[in-house]
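Notes follow the structure.
As written, the chains take the letters A, B and C, and residue 1 is the first residue of each chain.
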């Protein structure tokens, strides 16, 4: 079938980001690199929330699994950032599959609480095994373990970070576009719409959810790995509640179109939070909650209501 | 310092943290705006100010400390600007909230350097924020001054651009007080500590000190983070120990109450770190059991504990009364044993800028600045260093200083001993001066 | 030797919170033909559909399909064996277009030409004009036809339809009746409806249900079947 117009629109994101780069002041270049990486996490969350309608409250578990996977490899095994990235993504995919299988055994809607428990477990484990993890204080990676150092012969640190972030985001956006316009994407939407009906057509919806959850894990883990490998730090704080709440805000603010909403939401919340830091001394959550309140008031969150209502009726 | 360390004081002071649950509190700490420190004379003279970026825990779990850190920073900058600035230039303090978050902390460093082009960064208290920020400062080539007590600076986890001249670190503190504990309270010790990096720093330092002084740590009792009841761990305290060493295990009021119920009057000597009750009034219900027990303090909360003209001047400048509370609100107890580090760090920067002739954020000026700082070996006690003189180790980028041991008596802290600087010195192979600067 | 029945229910019971929805129901279906199931509200018709398609698990009794026991088999596996169904309140996927909905029903059969099949089925049920629309843009009756098309496209051996005429216009009912009659020559169909006239026009074989039991099974022209019909509808089945 013809791809929807929203699919195509999303592909403009990387083009605009590349074109705008030279015009940005230095700080905004640095800020945007961070936002681009976090947007990948936002997409990861959206695959779970918007595509299969599962609201996860502990997605930081998947983010942190990627971050620790990549960070441990770079810290303990070899300071080569590129295999570390694969290890990071593999760790979060493994964790998401494990959680997915466990949740399925007890019922699909337990994913919500499952990720929450997993993120708390990960957080506490990171604290307990601090000889390995650095605990709540974290680990600082050597310069050679970062992607920035790997690209340094070619680019300045600022540019290297942006280029790497933009490349990663482009892969994510193209991937999401392919996914939503594929048969698998339509099946995932069907899972979200009416799991039982799809089951009665002979599809294994548990497997589809597991697949979507793993894709979500891969994206979230890629984001976590890249944060570790671009900024040279891993810490238990990233498994904390705050890091689970933020993607919910981004996705809610970004709106119902899964192809570009997660990016827009992440961008908007982070830019406003940054402005607020200077002007209002605000907290990112205040800014995000304000945006969500605004969206609620103007009726722009009806789609999210509906997603959650479906989820509730299924859980009941 | 670390994330959980402030938990108990947070709960006690009734400031409900932003952090977890959702809506962050815009706490509205308006004590001094971003540009509050700018001297009017400086503007009139058209002299370019020295910009000091300040990464401050205004929100998040570190906010109760951040409040005091910011007040002290503003007081110090205002004093510096009233007395001729740094190298005759006014100081402009640019403070930004890091939300006590490593991710946001690193972002604040980027902002301070790339958007504000600050000359120096006055860094954070919580170790995770410091560890995430240090690499960014190193990459952006901006000197970063932690006021954290963490081992990250001296143990070489950061880089040549990171320093901690204004406050001593946990191993230094523990090493110094351990000697006094073993000599005065006894040498069979049980320790109870939080089961994360901060607690492990204590465990490792005390174990090392015990080896050095021939004492014995007979039982090590780690408490998992988030624990709300402690009695089941107390059963592991051997009956025949001389000393129970405790630090920051969680909700201090519950901990002390349960400890009182469990041990009763037949207790070993108790020695604790002030971190557990930092910013908590000793009159808080349940703390009566602490009467007759000992605490480490970095800088005595009660004015008579270390009554020097410099300490009096400092106390007045930061608006803290004789018993360590806010002059305008006596129910708000200060973070007295930590916040002086902000004051002393700012004066360390002033001293090194003036000695090195630093003027612009350029390669050559930074090179001279850092080499000058690394060659410093002493900060004299005075208005600039009211807590006492400090030995500075240029290889470790870390200061070593005096520590205080106080007895809880009649519901106040009474200093019984001040350690010598040598007591806190330890060996570490780290040498930042071998790292390339650029 | 008796030919093996397509579907066989043996003493199947199911109750909800103590209310007996199915009581010891036994039933056999052959490979083709239409069975009409009638009865007033609460007679257990939808529960019967549920235990056959697998959305409900019976409390006791056994169910066989193609000679194989399927009592504990999940819905999707029964679907793959060839049991399709439509619901009392029609269900289509609101996020997908009609075409995409139909595509889902057919795509998991690799050996077919999906596009041709979809267009043929759409033509049969008059859905060509709305193929690119989403269910929210359709009438209730059209959504029902979408669901029926999906069931047909899955090429079932047994089609279980719960109240298929609800919300359909007279014209749509006629189209559907014709389509089902010709389909009934190829596969087995269970049509559950409370409209006796519709069911009677469709099928020579009718099961009359009341309070979880099949009271009568036979042609509506049989006097004893007609009697039961009259009994459950007019006198509340006393």
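Please note the rule applied: a residue touches a chain if its C-beta (ideal position, glycine included) is under 8 Å from a C-beta of that chain, and two chains touch if they have at least 3 such contacts.
Bear in mind the structure is a predicted one, so any value in this text is a computation, not a measurement.
Looking at subunit A and subunit B, no chain is in contact with each of them. Taking the CA centroid of subunit B as reference, the farthest chain centroid is that of C.
By C-beta contact pairs, the most connected chain pair is A-B. When every chain is represented by the mean of its C-alpha atoms, the one lying closest to the mean of all protein C-alpha atoms is A.
Once the centre of each chain is set as its mean CA position, subunit A and subunit B turn out to be 35 Å apart.
Taking each chain's centre as the mean of its C-alpha atoms, subunit A lies 43 Å from subunit C. For this pair, subunit B with subunit C, the centres built from the Cα atoms lie 74 Å apart. Under the contact definition stated at the top, not a single residue of subunit B touches 2 or more other chains. Listed in rising order, the residues of subunit A touching subunit C in the complex are 1, 183, 186-187, 189-190, 192-194, 196-205. Within the complex formed with subunit B, the residues of subunit A that make contact are 25-27, 29-31, 34, 124, 127-128, 130-131, 134-141, 148, 157, 227, 231-233, 235-238, 240-243, 245, 274, 277-278, 280-286, 289.
Here subunit C touches subunit A in the complex through residues 53-55, 74-77, 79-80, 84-85, 87, 91-97, 99-100, 103-105, 107-108, 150, 154, going by the rule given at the top. Against subunit A, the residues of subunit B that register as touching in their complex are 2-4, 18-26, 28-29, 34, 58-60, 96-97, 99, 101-104, 106-108, 110-111, 114-115, 127-128, 131-132, 134-136, 139, 150, 152, 157-158, 195-198, 200, 224-226.
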